[in-house]
Amino acid sequence: MTIKSEPFVVNVGPQHPSTHGVFRLRLTLDGEKIIDADMIMGYLHRSMEKLAEERTYTQNIPFTDRTDYLAAMTGNLAYVIAVEKLMNIEVPERAQFLRTIMAELQRIASHSMAIGIFANDCGAWQTPVMHMFRDREKILDLFEMACGARLTLNYMRIGGVSRDIPDEWMPQAHKLLKELPKRFAEYEDLLLSNEIIIARSRGVGVLTPEQAIAYSVSGPMLRGSGVAWDIRKADPYAAYDKLDFEIAVGTNGDCYDRFVIRLAELRQSLYMLEQALDMMPSGPVHQRLGTSTVQPGTQPIAPLAFRPPVGEAYGRIESPRGELGYYIVSDGGPSPFRFHIRSPSFINLTPLKLMAIGSTVADAIVILGSVDIVVGEVDR
Amino acid sequence: MTTYVTGIQLAHSIDGQFPDAVEDGQPEFAVVKSDNLIEVLTWLRDDPDHAYQFLSSLTGVDRIQWFEVVYHLESFKHNRAATIKVRSDDRENPSVPSAVPVWLGAQLQEREAYDLFGIRFEGNPDLRRIFLWDGFAGFPLRKDYLNLPGGKRPGLERFPGEPGDDLSGRGTK
Amino acid sequence: MEDTGTVVAFWILAALTVGAALSVAAVRNLIHSVVLLIVSFAGVAGLYITLSADFIAVVQILIYIGAIAILLIFAIVLTPRAGRLNQEGFMLLPALALAVLVAGTMIFVAFDTSWAISERDGFEETATAIGDLLLDKYALPFEIASVLLLSAIIGAILLVRPEGAEEGPE
Amino acid sequence: MDSVDLEHFLVIGAILFGIGLYMSLAKRNFVGVLIGIELMFNGVNLTFISFSRFVESAEPLNGHIFVIFVITVAAAEAAVALALAVLLYRLRDTINVDQIDLLKW
Amino acid sequence: MAIILSGEWYDLRDLANPIRELIDALGAPDAVDYVLWSLIAALAILIWLVVSVIAFIWIERRLVALMQNRKGPNRVGPAGLLQPIADAIKLLLKEAITTRDADRILFWLAPIIVFIPTIVVFAVVPFGESMVLADLNVGVLFLIAVAGIMTPAVFIAGWSSNNKYALLAAMRAIAMLISYELIQVLALLAAVLFIGSMNLQAFVSWQDEYNTWLIFILPLPVVAYVIAGAVEINRSPMDLSEAESELAAGYHTEYGGIKFGFFYQAEYMAGFAIAATVTTLFLGGWTLWGLEEWIPGWIIFLGKLYAVFFLYIWSRGTLPRLRIDQLMAFAWKFMLPLMLVNALVIAVEVVVWEETGASRNVALPAIGAVNATLAVILVIGWARVLGHGSGLQRGYRATLTREIGKIYYTGAEVS
């Protein structure tokens, strides 16, 4: 029985438990059904692209931490890859492996959060998030050992990484790798066949592969729609070409698919990490880029300022949320002439309206949770 | 491994299909005339030899003399990537055709470029400000936004700490 | 009923019931009116208890407060543009006169008639006896009541069914 | 005032009935009319129960049975009335009984 | 000494008895006696409720913290024991904000109305042999009827806040509560059919006399009642009307300070009410197979009550939330037919037992076994009929591949 009722506008956000930050979704409802959805963003806009035009290339690395603050390593990596492409720098082998390891650890940390918060959006009261935090903490401990920071890592440098890992790092990492499969099995047991999660997410927010490609979505959203596309495989960077792994794809393109893909990618990341830790070569971790003009006489590992040649480069990687690209235009000056972040969170939001219309309020929250946005990256 | 198609190659193949459509071909990118943009992009998407179904990124650049919009394209079929640009010489009211009819994913990115550069995308169904509020004065990513005294523009010309003239902005020379 | 407790309870409940009922007619806001109606229903339920009709009292709460008041609230909420005012129409004075007349007559009759008052006390247990009666002496009306309820449900569903609604579940 | 008799309950029943009658006749809003009808039902029920309690009878619980049937009818009536209100609102955009003056629409 | 020797010493442990003796000893007139006794009992229930709520705020937070790999409150007082009190003081000291466009009277009234049903329920609950405030003949019906008052209270709270989340939550709450009230009634109907009385003390004495608990004889109604209870007290997976991730705080979004505290407390009290009902009706109330001779009945009762309430804490720490249409479908399509069939079966069983006059040692295990089997068959069978475990209700793992650019989409089923 449907009773015709008045259109009813509900603002989800900017301050709302499930918008994952200050993001606003204006839903027009007919009863509980969504008939229109409008995204309003910019509450966290920090004009990074403009600021970056005022800093040197090295000074810009900390900005890349602060876009996707749940995956700072991949943010760093995408930016340094873009600059290295611009300057044609060869990165030492060990640095490549370190970058890969850090990026995969970061992917596990980020996907853990995404899965936990997705379950939270389905209504689980914090428990999955808290369990996921447990793993994430261990990974952040490893990051802290490697670079001294836990969240905004600032670890990658143009030409390598900021420093080599300490001696205790490898045993610690091996210990973690032994622990994690048990945890992942537990999560798969608890979440994958959870009746309520299935009921809430299957058949909700469906994107066909044609729609997914047309809407430029990337990462787990694209793969959830059944398109086997992963930049790590398609256009390997760092040391991914030396590692064996599989791409997880979904078959239905719904929220459940995006969620199971993240669970499957945890396993794949673990598999990659095992290989990478075994294959890790020794050697320098940084390619020197000439001398810094800041402190003549000393040789800092990454010069604070340098002038890349005139030109442009688009460096991209597969971040946990999708294709993270940095488009950098150089005019030969010490800072980028144009610094653009192709942020997956932002572009993955494009089909939100398409997915939300026709579903209910509760579904919209689940869809937003399955897109897995980080508002720092949406607004930049 | 993704093949990065050079702009020169791309310019040649576009030229073969649409004479007069190509404005420039550089190693990194090909520049298309704004009048022919939509047909070129549609052709690039639909032609089985190119099949750039995926618009990876769309953004604007303020080149001071002109504005350009950059399209990074991706072909899943051939695992190929290419870069197309289109220019708009109008400093005050730059405008290029919207790519939304070709790739729906351009929707939010065009809004972003409009918001920060003021580039009008003709044909975009929902061209509103996205990060900044309606009525925000100016377009902040333009190089002349908030000019410094003496017509200088923000941006680093020299290394920090390096002796030199104070604050000689870029784009003035 | 000379028991002090009952007498005190009666006067309190009577004041509550009548006061709430009068306010129902007087307040301007329909939602307030329904809330006061709930109070009035509760007062009537209390009066039933003083009349030792415990089953009916509970049923009164269950049906009137738990169901009918909710239906009234639904009727208000589902008609948002119709206004929430509880004002009178042109029939104000005639209705008032008629109501006073009818109530007055009934009160007069109540006092004027010499009722055959029985000497028995209140009922000990009503639920079982009512159940027996319903399934024995009043079995037919009971069945008819169930048919009535069924037809009311079907009628209500048919009435609000959107035009051109497709057959079967959505 | 020191004892409560049948007349007291009858008076309350009559007052409730009167208020209900007034509301169902005078109120403009359809829901107001419904409220009036419910109040009238309550007055009648109270009268039934008090007769059942006080008046000499071979089968004293008959009043309770009647009340149960009245409550049943009231519930059914409320459900249908809700449907009617929604239908009226959908057709006429108002549930003001003054404005529902067409015999056919 | 004399009391102990007379063998009535355990009477003292039943708190009601000494108090009654005391009041009788005063020699006051009946009316005063009655009022005094009612006041003491009501006050005792209130104090117990408040203390329990305060204790359970701490217990729930610690337990859920345990389930979530964290410590929970551990700063205020030893092991964080004073945390609820600190919370209460914080809530009391907060400014009582009334939003500008709220309906002021109803906005303030709602937290109070919400309290009424949750407290009044305990009037009919027998805590011990003589510890019941009002020994109503229609106690079971009273439980349901009073719980029904919750519905308008929640609606008033949601509507008067003039907040869209709150209104949406209020509408959800009404729809949910009405649907699940039906399930509650049918579940209790099964029990009442079996016992043949609606008096709660009669339930306890029946279970004492027959030396069994109704949960063993009527498993399905118990489960249904606990689930419907979760709806009534807004516990996950049915906490839709205060769905944190969807509607901020649901119908009490606009409430702050002590008014919010009222809702919070009322929710716990309603939880205790549900647990008390389950304990009394299905778990033997204050009896424990003769142990009530040695342990005061009210301790047994409270132990069972807290054990039932733990179920709700557990589910809150474990389960995600359903969607409103799924919740309604569960009530109307799944539970309602099941409960109707169940009630019919139990009625038949009662008649058969009466007709055959079988001894209780034969009849009760037989009925219990039949009901348990039937419950399993009904639940699984009806779930299969409704398509559970197939189509959209089936989980799976992601497909793994090494090929790039291939499309694995097989066509989505849309809910």
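Chains here go by letter, A, B, C, D and E, matching the order in which they are written, and residues are numbered from 1 within each.
Operating definition for what follows: a contact is a pair of C-beta atoms (placed from the backbone, for glycine too) under 8 Å apart; a residue touches a chain by one contact, two chains touch by 3 or more.
Quantities reported herein were computed from a predicted structural model and do not represent experimental measurements.
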Chain E reached from chain B - shortest hop count over touching chains: 1
Chain whose Cα mean lies nearest the overall Cα mean: E
Most distant chain from chain E by Cα centroid: B
Interface with the most contact pairs, given as the two chains involved: C-D
Centre-to-centre distance between chain D and chain C (centres being mean Cα positions), rounded to whole Å: 6
Rounded Å distance, chain B centre to chain C centre (Cα mean): 72
Inter-chain centre distance, chain C versus chain E - centres from mean C-alpha coordinates, in Å: 28
Between chain E and chain D, distance of the C-alpha-averaged centres to the nearest whole Å: 34
For chain B, residues that touch 2 or more chains besides their own: 76, 79
Residue numbers of chain A (touch at least two other chains): 3-4, 227, 229, 234
Contacts with 2+ other chains: residues of chain C: 55, 59, 67, 74, 78, 81, 126, 157, 160
Contact set on chain A toward chain B in their complex: 41-42, 45, 47, 49-50, 53-56, 211, 213-218, 227, 229, 234-236, 241, 293-294, 304-305, 311-314, 316, 323, 325, 327, 329, 331, 333-335, 337-338, 340, 342, 346-347, 349-351, 379
Chain D to chain C touching residues, read off their complex: 1-23, 25-32, 34-36, 38-39, 42, 45-46, 49-50, 52-57, 59-62, 64-65, 67-69, 71-87, 89-90, 93-98
List of chain E residues in touch with chain C within their complex: 31, 34, 103, 105-106, 109, 136-138, 141-142, 144-146, 148-149, 151-152, 155-156, 159-160, 171, 174, 178, 181, 198
Complex contact set, residues of chain E against chain A: 64, 67-70, 164-165, 168, 172, 236-237, 239-240, 243-248, 316-326, 392-415
In the complex, chain B residues that touch chain E: 76-77, 79
